[in-house]
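There are structures below to look over.
Both of the next two complexes hold subunit A, though its partner changes from subunit B to subunit C.
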Partner chain A sequence: MAEASAPAIATRQPRFVILRWLKLRPGAAHALPVIAFLLIGFAAPLAWVIMFSFMPERSFSLLNEPTLDNYVTIFSGTTYRSFLWSLGLAAVTVILLALICYPIAYGLTRVFGRWSTLLTLLFTIPLFVSENVRLYGWILFFIKNGVMLGTLKSLFGYEGETWLFTEGMIVLGMVYVYMPFMLFPMTLGVSMVPNETRDAAFDLGASRWQVFKEVDLPLAMPGIVIGFLLSFVLAVGALVEAKVLGGQRVIPIVHEIELAFTYAQNWPLGAALAVLLMLVVGTLVMLVLRRFDLDTILGRR
Partner chain B sequence: MFTSKLSRRNFMQQSALWAAAFAAGGTLGLRKAMADRSKELNILCWEGYNSAQVLDPFRKSTGATVKAESLTNDPTMINRLRAGEMNVWDLINVNNPWARKVMWPEKLIKPIERARFEPYFAKMLPAFKPPYRWAMDDSGENMLGIAQRFGPYSFVVNTDKISRASAEDQGWDLWNDNANAGKYGVQESDDWNVFDLCCIAGFDPFKEHTDAEVARYTETAKRVFKNAKVVGDLATMNQLLVSGDIDFYLTGGTYSCSPARADGALNIRGITPNKGPMPGGKGGIAWIEITSVVNNPNVSPLAEHFLEYVQTPDMSHTVAFAEGTFNPVTQMGDPECFKLFTKEELEIIQWDSLEEEMARSAEYDIVPDYPKLLDIMTAAKREVSGG
Partner chain C sequence: MAGATTSGAAGSKRWRTALLWAWVLSVVAFMYMPALSLLLASSTSSRYFIFPITRWGFDWWEKTFNSIEIHILFKTSISIALCVTVIAVVIAFFGALAFARYDWKGRSLFQKIVLLPIFFPQSVLGLALLLWFNAMGIPLSWKSTVFAHLVWIVPVVTLVISIQVYSFDPALEEAAFDLGATRWQVLREVTLPVLFPGLFSGALFAFLLSWGNFPLSLFTTGADTTLPEYLYAKMIAGYTPGVPVLGTVSTMMAAILLLGGYGLIVLRRRARLK
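And now, the complex of A and B:
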């Protein structure tokens, strides 16, 4: 009897376990395909990069004995300069974007009225053109005998030197390219401030500055924080601006990663740089998110 | 119960297990692929061979699916093979030394049928007559590929600012003259930039370097990048030469300045120095592409057929003037091919001085201490950042 029932249990048991598990946790079961997709498409390449960062320099296989040499190379050299340039340029870009975008966002929400849609469209259209093409457009604008200097020369006889290939041009390019990523979340944030709240503050005797500081800014904060995060993370990864408009006067960290993976053919070093960049940016983002909890500022808790 | 404790020791074992698992998967995939590659060809190449002008007639005549991926540096292409893409590619098109000195010893490529291809070499320009060194292995027995595009590649000047004769005489010292600070650009092409920095520093790039030479190279790299107005791609360099923002740039030659010359800017010219630190006092460096058949276990039968296809006079001319950049081809030694080139086309590729420039150029070779020199150059670029 016992001998006869044993195989039946053995064949039925796994199916039973899966069914019970599915029944008990339908949410998890339905999330399985997405989890599998994320594991294969997102986690696996990241894990690959992380593992490569521990391989000996200039190796192309993960079948070597792990080593910390790449990290030692990075910390003992001058690569920190590239990190500082990337973080510095991104910080300057984000600050400039905040200063430029807040008035525009305010205008789009409260001042421009029916023109807002058209203006929003004008800010959106450049996104449909490749970044490279837009930046080469700036080259043609600023180049000697180009749109700006050529016009000044022909109209006023003024012969100036090009402004291209300077740090200022890199910032200009980054502000130009990443503006929509600050502007639109910020506009959303500003539009979340109820007019009634502002009116009430004015009625209670608040000055314009007090309304801005106590009402506008805190209530628009979700959009502002998202704009900051989005544009900062993108700007830290900026490469083309420094290459095209900066003429490589500055070597950002992403350029170092590219060099390691191409000309130097040092995948492990490139991987180690990428891991460090992820850690630095991840840490900064986590610090901001700890200070401004998105769920709280979005009013979900 | 299964327990796993990863240590340095068993890391290798576990890695090997995973590798075996992947290899098993790969083998299964391969079996499937082996069934049919007769209508498929994959080419890893410099730009031009991937153009529709070159590939479409071949696709039409063979009915094959031809995929070509273009990259712009040799080590990246070769490392794609090393990193496991041997069973993906059928042809690889890189500069001369890689086939003979690297890919053949590492068994990344296989020989082509010598009897079938030697007659093509016989019709090429005199410098490429068989047995052509870069197309053969060390023993001289195995033919490793065919030669087609080539050209001198040192630097480019705007002859309205510096005459050709003066640039040829001054040669690499243009970069040693501090009065030229801010007047030049550097075309980003890191392996070639390394060669040029060696030439500016006054020694042959293609040998092992002494500590004193490395020190001189380091100083030169910092100075050259500090004094450069701009570092960028060839399109930017040509544009800045035409606009007058810069007067000359390294690295460059027929390949890089041909788009500007094709636009009518014949004052933009590739220059080969009259003298320099290479053996025999040669001042320039030249490249010759060798296209080889990848040692793919299931190589497409169309691979060698394609090599023959691009040898025809018509197709050679098309390859020389495929989209992007324009270059001389070895098949110009065949009158049937040469007559297809118009006067304007010959002007674009500087045919008037090609022979003498090639004679003054050393051939692109492997730099034994390249990784070290590249790292020094990258550090120099970083250190003058924002300076």
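And now, the complex of A and C:
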């Protein structure tokens, strides 16, 4: 017996020489592939972009004298409007999403019972179809002689103008695309509210509104905040909605970045815009995530 | 009096339930309206889409599936998605163990680093990778797209598998070691089977997210074209009913894989309980 267990213990040590040399604990050793990959595939390209943002206008190499010209151009020009549009549209989208998703999250946790799984799957499926294809479905729905106007015309003889290519349509597209990113974290949050606590509050004579405000909302807050963060950050980076449904009436910031890189052939300017966007997004993410312990939200107590 | 209030409360509860159901069903209808429009637009025999449809037919389905160009698109998209799935699941499996199974010093930081690429605007990530490939002298093809997809998909899959790992009891591994199993045996006989549902959903996510991805493909495929890229080009210029045909196929594929995959997991769980 002793002979059998001795080699087993020996194999529990990191087998690869390099890991033993680095003296990595199993946790760190398992993290290594992901870390290495993200260093090459995420950190390095972003570092490259940051360096490019300090190059003179329209240069394609990093060998020039660094300058701040691109940032000066951005702050003295009208590009800030794109930033404001992106932030504004994202804010409106997130507020609408919160109002739409809270009743669903509540229903999925407390009312729909065994139907919840099927409903969750139904909300998941569209995530895996390319955004532009789904938004094109909306075009076919709203276009003149499309599904909506065609039906109205043939049934009621009503001939309306199309709602396409307006700001409202962009918001509709964004609400549609980012719905799961608000719904799922929110549902996770709502399911963290223990039934006993709610029952106790009701027994002590609290009204529905009081239970919502004093019990449901605070206890579900981690999930709700993650939902806000995720959908807001993704919505700030939205591009296709404005391009496809908005008919390019509004130029969101990511479109501006893409134009600088492709059409204008001005990599440094595009890089500088990307850096500013990264700063906004990164600050938000780090500020919010710092306050939460992911283990509690994702399952381990 | 007390009876009246309880029946009143029950009545209002029924109302609330009905309202919630009505709400969730209308939101589901909203989510599937584009898919329905695509399906309708694909089932016409005419060249242009005019609703209500006067000449129903599946001519465009036939035309689309007989086109060699479309076959090549499918092959490219599926090759990319398969490569992404295999690589992502392997890397993310270890990542998930570090994320949720082991307690180690850098874990909390690691968790946040893994989440960062998910929050990052994908088009900007695509452009950054384009610059990077360019700088490294890496030629653009479907292979560089595999790499680009992985940057975003590895973190997602890590998260998906982690959720399964959280409910994994490390004592099972310890017990197997104590019974004299080797590291490889423990992995094959204990860890992998217990974590299988998580790995399976991770693989499903990886495949489908890569299959449907547009922003990362756009800047990194070079001369190759994926299905979403082709559809986008056709939407902007040169609409044919082939566009909604392919859109409907994508939607159905996602639905079948997800519902089928979920069915498999349920069946497996039932078989185990018996």
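Note that in this section the second predicted complex is superposed on the first by the 245 of 301 C-alpha atoms of A that agree within 3 Å, B and C clash if a C-alpha of one lies under 4 Å from a C-alpha of the other, contacts with A are read in each partner's own complex, and residues count from 1 in each chain.
Here, a residue touches a chain if its C-beta (ideal position, glycine included) is under 8 Å from a C-beta of that chain, and two chains touch if they have at least 3 such contacts.
Note that this is a predicted model, so its numbers are computed, not measured.
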Quiz item: Thinking of the overlay built on chain A, is A:I95 touched by subunit B (first), by subunit C (second), by both, or by neither?
Solution: neither
Quiz item: Of the partners subunit B and subunit C, which touch A:A200 in the superposed model: first, second, both, neither?
Solution: neither
Quiz item: Between subunit B (first) and subunit C (second), which does A:E167 come into contact with in this model arrangement: first, second, both, or neither?
Solution: first
Self-check item: Touched subunit A residues, subunit B compared with subunit C
Solution: C
Quiz item: Thinking of the overlay built on chain A, is A:A44 touched by subunit B (first), by subunit C (second), by both, or by neither?
Solution: second
Quiz item: A:Q265 contacts which: subunit B (first), subunit C (second), both, neither?
Solution: first
Practice problem: Report for A:V244: first if it touches subunit B alone, second if subunit C alone, otherwise both or neither. | Solution: both
Exercise. Using the touch definition from the top, say if A:V129 reaches subunit B (first), subunit C (second), both or neither.
Key: second
Exercise. Check the residue A:G146 against both partner chains and state whether it touches subunit B (first), subunit C (second), both, or neither.
Key: both
Quiz prompt | Those residues of subunit A which subunit B touches in one complex and subunit C touches in the other | solution = 62, 139, 143, 145-146, 244
Exercise. Quick one: which bits of subunit B touch subunit A in the complex? Just the residue numbers, please.
Key: 8, 11-12, 15-16, 19, 73, 75-76, 79, 82-83, 185, 188, 190-191, 228-232, 236, 239-240, 243-245, 371, 374-375, 378-379, 381-383, 385-387
Practice problem: Would you tell me which residues of subunit A are touching subunit C in their complex? | Solution: 4-5, 7-9, 11-12, 15, 25-35, 37-38, 41-42, 44-46, 48-49, 52, 62, 100, 103-104, 106-108, 111-112, 117, 119, 121-141, 143, 145-147, 149-151, 154, 176, 179, 229-230, 233-234, 236-237, 239-240, 244, 254, 257-258, 261, 267, 270-271, 274, 277-278, 281-282, 285-286, 289, 293-295, 298-300
Quiz item: How about subunit A: which of its residues touch subunit B in the complex?
Solution: 58, 60-63, 65-66, 77-79, 81-82, 85, 139, 143-146, 162, 164-165, 167, 243-244, 247-251, 256, 259, 262-266
Quiz item: Once bound in the complex, which stretches of subunit C touch subunit A?
Solution: 16-17, 20-21, 23-24, 27-28, 30-38, 40-41, 49-52, 90-92, 94-95, 97-108, 110-117, 119-125, 127-132, 135, 147-148, 150-151, 154-155, 158-159, 162-163, 166-167, 177-178, 180-183, 208-209, 211-215, 227-228, 231-232, 235, 243-244, 246-247, 250-251, 254-255, 257-259, 262
